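Each in structure tokens, the structures are laid out below.
Each of the two complexes below includes subunit A, the first together with subunit B, the second together with subunit C.
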Partner chain A sequence: MSAEQAITAEGIEREIAGFVAGRVNAEVPADQDLFASGLVSSMFAMELVVHLEQAFAVQILGDDLKRDNFRTVRAMTALVLRLRDAEQPADD
Partner chain B sequence: MTEPLTGARELVDESVGDRAPEWDRTGEIPEEVLRTLAARGLLCAGVPAAFGGLGATSAANGEFTAHVGSRCSSLRSVMTSQGMAAWAIQRLGGPQQHARYLPELAGGRLAAVAFSESEAGSDLSAMTTAIEPDGDTVVVRGQKVWTTAAHYADVIVVVGRYGSGAAAVVVPSSAPGVTVRRVPRPSGCRAAGHADVHLDEVRLPASAVLGGGQPLTLLVTTALAYGRISVAWGCVGILRACLDAARRHARDRRQFGAPLARHQLVGRHLANLLTAEQIATRVCEHASRSWDDGSPDMVIATVLAKQVSAVQAAQGAATAVQVLGSAAAHEGHVVERAYRDAKLMELIEGSTEICQLILADHAVSMAVS
Partner chain C sequence: MTANPPSDTIAVFGAGVMGRSITALALGRGVDVVLVDVSDTVLHAAETDIAQQLRHGRFMGAFPGSRAAGTLKTTLSREDAAAATAVVEAITEDSSLKARMLAEVSGLVAPGTPLITNTSGIPVAELATSVRRPAELAGVHFMNPAYLIEMVEVIRGPRTGEDTVAAVFSLLERLGKKAVVVRDAPGFVTSRLLHPMINEAARIVSEGTASVESVDRLMQGCLGHPTGPLRTADLIGLDNLADALRLLAERTGNTAFAPCDLLTEKVRRGDLGRKTGRGFYDYEGVLS
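After this line comes the complex of A and B, so read on.
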């Protein structure tokens, strides 16, 4: 997807939901707990990290790797928005 | 284009020379060899240039790792540990920790990563090593086993429990309370400096803690990813050394009036070795491309590369031993070392069976095509 589409929270959320759905073969509500529902293994969690980094040009390091940031599609959206804000000061 | 690893193979060949059998026998790589390669950043060539590293791609570092592995698996194993420590710091640490530790590792300090415990090998949930905050310090307690390269390491990245999750902590080997005891005569990679590491109330500044609070499995999966791709490429090197020794012998040695290679049952061994080397190379190239593209495919591709390469190397080394016969049936011969070293690669960084479980999970969960 292009960066333009991803810039809104809605766009980010839609993209992440699409990736998750493709990986688990099911539609996943944005507030569904992926860990509690057993959808996410540690391998898939790492795929999510790498996917978010690639799709949204962010780096997810250190403390940001904590589980709560990946618990739901919505939490990942919030993480991406926060990291994009932090990494793009006064840029176009 | 400036290739960051220019001259690296020549330096390794010069440093190793014909001494790999001696290192295997004595269980020791001379310190100046490790220091020379470490000071050039070659033991963790993936560290970005911004932190004083060589900034090699996974593909270039992988081919270099295979070269080292074809010469000496013990040295390659030390390299895997150093690279994994740097990767763990890069991935789990914050900007200040990157700035502090990565230039050190790219500039000559030697590092290891301690995961395993006597009751917590594949079953990480049994891990008991604890990193406990105490004001602006932390106290580390635990007993790690089979820590590759710990014998040589200046710093050991120790994985342990931290709060409700896990963390890694950078422990100087010289810190009070750290005891490093070598594993006596390991069966493979004998000079890789495997050691047990005891951490008895080791007090460190809180700034030595990388991340903190991540799920233990995610933290270990993240750190191990580098170890797995590195081991996989190391196995490619083992296969290349075995193929080279076997085809030379089969060409030069004559029995029943013909070179061994002309005997069809020997020819089949050579074909199998070539096939194994090509399979392992391609699966590693694929995984490294995923790393270099930043693709989420890198996660499973890395496990697949480790699994395929280690199994192929163990089989390939056994095949090479068979081709060389009594010519290689003595301690320290390149294929005799390969036979022991390759088998060890099926045990570490996720055993063959653990990798199969991960791949089976993936097969079940992957999208239907």
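After this line comes the complex of A and C, so read on.
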């Protein structure tokens, strides 16, 4: 499990960019709008949600489940970091 | 409208791809659903899938925020559908299975309850011969995912009654759908056009004219198709598509409509599209 080393913003960004690139068959800059560029379909959008939840052990609920949080690799990274910080157990 | 109307419960028969998607649509729109299937395993999988689809719908802004989601009851018992305000049939695309199921349900529900078949191409008139009150049967062809695609095809059979059409429209309004009404014929409009196109796309691939990706990219980039025919096929489910093409070939007498070898072969191997993780494309086992 690579969760330990992926906790840095850089590691998370790299993981997400790798996942997206693998699925859309193209390199994806961290600030590229994935929806506007048509790279991400409505079906793939939900796969992104599920992937982030599984890869980083977070739950994306309620108001966080909106497209703006998934628009770019950078936005997804920020979301994951915020959710991980919020969920960090005290005994760690 | 902000409050949910009192006891608005529809019954959905069949917890496969379309049954789940239609259930998610109804729940997201605040309509309660009794989902009936013959398999407990399928119902369990459906519950998880429907929860995920509800999230997907919310994520895409497909449901009005002001409305509480409907409640879901899954059941193996047909009798639980008896009090429904409408019945949606979404079982396997097999004429005799559908006829038998609709016959039983028409004996359970109160007179005046619309029976809606979600068949993609079996003529409504054919199914109407087996129900108790043929005037109450109509076709509504939902597209997958039903909670995201705004338009549906409504099929008015030769015996479908005025009241039934009105009740169907009332339900579709509660579900936030736009509808186009067509007359009864094998494959109606959308399947008659789309399914042979997918079949031809598969033939083009097996003849080596172009790759799966190239066919889809051309149809998207040149002809404005939103996803391309082969990606659409994976979303429909290749088993369902092969069944529908067979029905279309039988009922029109046009043998070119019969599923091509590549499609038949994929179905035989169990590569049925997104729902099994592989079809014309590979989905790496992620959410279907």
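FYI, the second predicted complex is superposed on the first by the 89 of 92 C-alpha atoms of A that agree within 3 Å, B and C clash if a C-alpha of one lies under 4 Å from a C-alpha of the other, contacts with A are read in each partner's own complex, and residues count from 1 in each chain.
As a convention for this text, a contact is a pair of C-beta atoms (placed from the backbone, for glycine too) under 8 Å apart; a residue touches a chain by one contact, two chains touch by 3 or more.
Note that the structure is a prediction, hence the values are computed from the model and not measured.
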Three-chain arrangement built on subunit A, subunit B and subunit C clash or fit: clash
Touch count on subunit A, higher of subunit B and subunit C: B
Partner chain in contact with A:Arg67 - subunit B first, subunit C second, else both or neither: both
Touched partner set for A:Glu47, first subunit B, second subunit C, both or neither: both
Touching partner for A:Leu81 - first (subunit B), second (subunit C), both, neither: neither
Which superposed partner A:Val24 touches (first subunit B, second subunit C, both, neither): first
62-70, 98-106, 242-250 or 260-268: stretch of subunit B that collides with subunit C: 62-70
Subunit C-contacting residues of subunit A that also contact subunit B: 41-43, 45-47, 49-51, 65-67
Complex interface listing, subunit C residues touching subunit A: 52, 55-56, 58-61, 145, 148, 227, 235, 274, 286-287
Of all residues in subunit A, those that touch subunit B in their complex: 22-25, 41-51, 53-54, 61-63, 65-67
Contact set on subunit A toward subunit C in their complex: 41-43, 45-47, 49-51, 65-67
Parts of subunit B lying in touch with subunit A, wherever the complex brings them together: 90-94, 97, 165, 210-215, 217-222, 225, 293-296, 298-300, 303, 358, 361-362, 365-368
